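In what comes next, chain A is part of two complexes: it sits with chain B in the first one and with chain C in the second one.
On to the complex of A and B.
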């Protein structure tokens, strides 16, 4: 093998490691990708086909959020249990590169989910958008994975490794529902509607709905909410990372 | 005449809540030497390693690495290769991919082919880590520790779970590194491993340094023989015999650990004309060592510290 061709950049190496890990575990990768696509097919394409565009935006948000939460949350927790996280931390690998590798995996999942869901929506749901709208939708949702990456990372660092999948499901599904990703929040009773407006998935979906022209959104409110949660989870991540230093985990 | 200092701990203590893992440890590691940190499970070896690597914050005491006070953990890690206890790696990456990954963390790296050859992983270099045997995994982890050509190798229980042949191969790899000038900190609970490889042995038990010295100095403090005998002498009479370090009641007769079986047996024969079934065997080192750490004990039962059989 030609060693000159091997990247000396730790971030690229960790991204490649993440890629190989995903490609080589189809038993994890395929169900994770199929889950939101299946959801969208049932609700958006079979049951409420007239709302195919609306549901494309909200279910894609749901899928992106899941990919980020699980690849970070369960991924980090598993790697803590394996001892891989400890070995990486003991190595000179920069923390940023470790996170970059994971973020790449989550963003890649987000991209695949959005693109395949969009193709399904266009083919079977008669969703018609301008090229620029398709690109904006993809861009908003892939970038919008970031706060959920940090949320998953923070949870993965704080939750006991073997409890991570259960706890994440307990957060993921209610969060998706309460954010109006399955049933639009405007059909909620007033109290639930007020709650929805505090939740980051609600705002990410609002942006997706806005760029596709389904419903105009208040961009400054959405960006403020997503930015604030990014910051909160960022701080929780930093604290969780520091906390690992004091435990045997 | 001593080689220069590589790392130094002074009054280093660490607590997990109410549990004291390290209790005022003083330690000096020198360049180019193999230092064995010897002790049973729970002695504080892993905690000490984590502190040296900056994986845990120093609670009290000082650590000096590479001559620097308050060393920056990240800057130091570039000069250190680590093999941690029970560390898993991503099962889905091949040996070769893992080497490339870890090589990217260091400014320079060793030739992969040479490393693979040294670790005898030629046949499995393109096999995923998860499909390697236990011995191959340990050798692969050793290669990962060495790939960045570190000045200092920290190896936590590198041969645990290996069969004797695999242990010897790893010993040879460690010796080769030392001969090439690498400083090595070897944590082990195998006495023979420490004796075989180390220039300096530090015995750690329940967070305290019990002994420090060359393997020969340590060996001299360790009981050398186990004597079994049936005798009418009482336990306290047996304990009073010269060189006896431990007395244990058996179903039939007694078992004694002695640092000099000739002196002990001479006294034993003089004290009891009617003794029977005298049997003398070289004490296995782990048992002997356990006796040593128990003897230094301040009254508490040490059932929590278990030595794994070699």
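On to the complex of A and C.
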């Protein structure tokens, strides 16, 4: 591959731009990477070490969700504020490539979070999994970042740019908690348990728990839920994109 | 360009790390932490007998945890504790216990176990029974069975074996040949003989029969004391059957470890309770049998009885639906019984739940649940009532590993829906029972009683007198009594003559008609609803007995022979028409020669 090839492929260029964007904005990169790792270390490795496997699955889900939401939510909102979004839309750059670039970044973060957390769990929490399970866990969670990318994208398109970080945190933390990513949902009172079963992070965590053998999951229910939410946020994204027409955004 | 390479290298490195992350060791001696967290790669196959009940309210015999998990492996509890801190090992089948309560399999501290009693008990969550009198015929097999931790549908049985009673005393009236201790000098050899037979403790009868309206010979104080000392010399418990305060005082003074009934002639005084508490005496009040003997409402008074009653075996139905003669006359004493429970509990006397099944008005299994609920009704805190059927008997009787749900305990489990700690009647909402970690079928093998299948009419009306060969003379000499009878067909019907003599607890003599081709053969006679009977006799009362379902004890109805009678079979609870055996017409009182002629006998 050479520079000419890259220049001919706008998607690759945007992916590269995304990478540079991440490296050059440590104020975003560092917290996104460190927060879930920190939480996992506190809860999974220091406090409740016997549940290191369970909490590895749930906090990795938490981290993946965060990377996707913030990369898209805050990213898109900020770019709207900066006018970069308007420029992109005026340019012949394909819309799909913009999304793909960001999605690639979010998935790259997801990969890093899961792998580092897995190393922590294996080293300090005595988590032992077959190589196939380590790979499946990573695969499920990296792919599972996609619905949350769309969610972040939809929110980024709809929220006022300067409110984006606050609003996303207001969604991210309660959503993670209510989905049983911090405390297993089965510890919840019945009402909260019923709520948890509707939330997409609950189902992504369920898949992660399933592939590691911590708890069996109903794959069809989980896929249905994640699929439904992907569809909803897809529609919200499309509407949000259309809404930008005729605005400064 | 360079950046793209960096990205690709990062991805490759990350995936590479996944390949070197540690895998589980195959060694079975992995540390407990590793067992906790490592999910085995090939854990698709659930090891037999390994399961976890999660998210359940746990009563472990002593305390309550609200959101707990209990893990069972190879018939034992291997872990029990809070959800967050209790590991669920690889490959454990998970049973969701949300909204349910898990208890140790319960212990009935006073039964008499015959036939399928151990199965009936287990189906109702009673996984250990302490038998207070039975012949030691199968003790070797019983001891072997309870030592194993293997799947079974029977409760473990521990027993006193033969009881110690006086010649002709309480316990001798059942036709069982009880060895009688011949004076204090014989006490040690009598006790040693019981222990050699396999008795787990010694039960001594102190019963003059006074409160039950009779007079029976009973052991004297010297004999009781000698027996207690003989038992203690062999390091086994000595417990006493008593019915009156005087009998209880005699037994306690002789040094018994516990009373297997509460005395009923007067309430327990606080000073006596304090004294007992100080001595460390325990009491098995057997409230279910006392309630039946005092004409109190039975288990059917409880919400939830209806659904559970469908799981009663025919023997459970029979015993539950029979009644003590003269119970109504004694009902006035009942409040004293209940107040005694409160007095004993306040003084700190350990109380154990026991049913005395299968006495009239009780049923194996079910009545132990009733015993727990009655202790609660008499004023025990619910958790203490539950302990009375779990860790209290487990701490007093030699029944290790039972009555608890801690690591190392036997996986005898009772799962009920709801919270019996708030509402003890939730004990009746049985969701599952496990004995030695293996599930016990809750349904009875026996066919459901006829009244539940009105459509299954199979039997035609039959004139019993048209089949003279179906009749045979029958009397209590068969049960060890001294009465006798003879039959002779004649024009009017069937002439029955005989002599009624004391000897059996309820003397009877008369004639019996077998429904099958052989005596006591069980045949399906669903469809019969009425017995028409016309008997010519000078006797004021005749007793009609129905044998069915293989029950050794009949269901009976007393009739006045002056007129023709119709007995509605559907109203006779305990008669199992799907396995009908025989009907008998008997003289039951007074003693002496009698004669009657059965002129008409028809089932319709």
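The rule we apply is simple: the second predicted complex is superposed on the first by the 241 of 249 C-alpha atoms of A that agree within 3 Å, B and C clash if a C-alpha of one lies under 4 Å from a C-alpha of the other, contacts with A are read in each partner's own complex, and residues count from 1 in each chain.
One rule holds in what follows: contacts are C-beta pairs under 8 Å (C-beta built on N, C-alpha and C of every residue); 3 or more make two chains touch, one makes a residue touch a chain.
None of the values given here were measured: they were computed from a predicted structure.
*Asks:* Let's test your reading of the overlay: on chain A, do chain B and chain C clash or fit side by side?
*Replies:* fit
*Asks:* Determine, under the contact definition given at the top, whether A:122 touches first (chain B), second (chain C), both, or neither.
*Replies:* second
*Asks:* Centred on chain A, what angle do chain B and chain C make, from Cα centres, as a multiple of 10°?
*Replies:* Computed angle, apex chain A: 150 degrees.
*Asks:* Taking the superposition on A as described, I'd like to know which of chain B and chain C A:49 touches: first, second, both or neither.
*Replies:* A:49 contacts chain C only, not chain B.
*Asks:* Would you sort A:92 into first (chain B), second (chain C), both or neither based on which partner it touches?
*Replies:* It touches chain B, and chain C stays clear.
*Asks:* Based on the superposed arrangement, let me know which partner A:83 touches: chain B (first), chain C (second), both, or neither?
*Replies:* first
*Asks:* Return first, second, both or neither, reflecting whether A:25 touches chain B, chain C, both chains, or no partner chain.
*Replies:* In the superposition, A:25 touches chain B alone.
*Asks:* Report for A:14: first if it touches chain B alone, second if chain C alone, otherwise both or neither.
*Replies:* First partner only, chain B.
*Asks:* Between chain C and chain B, which one touches more residues of chain A when both complexes sit on the common chain A?
*Replies:* Per-residue touch count on chain A favours C.
*Asks:* Considering only the touch criterion stated at the top, classify A:220 as touching first (chain B), second (chain C), both, or neither.
*Replies:* The answer is neither, since A:220 touches no partner chain.
*Asks:* Please provide the least distance in Å between a C-alpha atom of chain B and a C-alpha atom of chain C in the combined superposition.
*Replies:* 10
*Asks:* Jot down the residues of chain A that show up as touching in both complexes, chain B in one and chain C in the other.
*Replies:* The overlap between the chain B and chain C interfaces on chain A comprises residues 1, 3, 6, 12, 16, 20.
*Asks:* If we count contacts the way the header does, which residues on chain C are in touch with chain A in the complex?
*Replies:* Result: residues 1, 3-4, 6-7, 10-11, 14-15, 17-19, 21-25, 31, 33-34, 36-41, 43, 54-55, 67, 83-87, 90, 94, 98 of chain C touch chain A.
*Asks:* Within their complex, state which residues of chain A touch chain B.
*Replies:* By the definition above, chain A touches chain B via 1, 3, 6-10, 12-14, 16-17, 20-21, 24-25, 79, 82-84, 86-87, 89-94, 245-246, 248.
*Asks:* Please output the residues of chain A touching chain C within their complex, sorted ascending.
*Replies:* Answer in residue numbers: 1-3, 6, 12, 15-16, 19-20, 23, 48-53, 108, 111-112, 115, 118-119, 122, 125-135, 138, 183-184, 186-187, 190, 212-216.
*Asks:* How about chain B: which of its residues touch chain A in the complex?
*Replies:* Against chain A, chain B makes touches at 16, 53, 55-57, 74, 77-78, 80, 82, 84, 86-90, 92-93, 96-97, 100-106, 111-112, 128, 144, 148.
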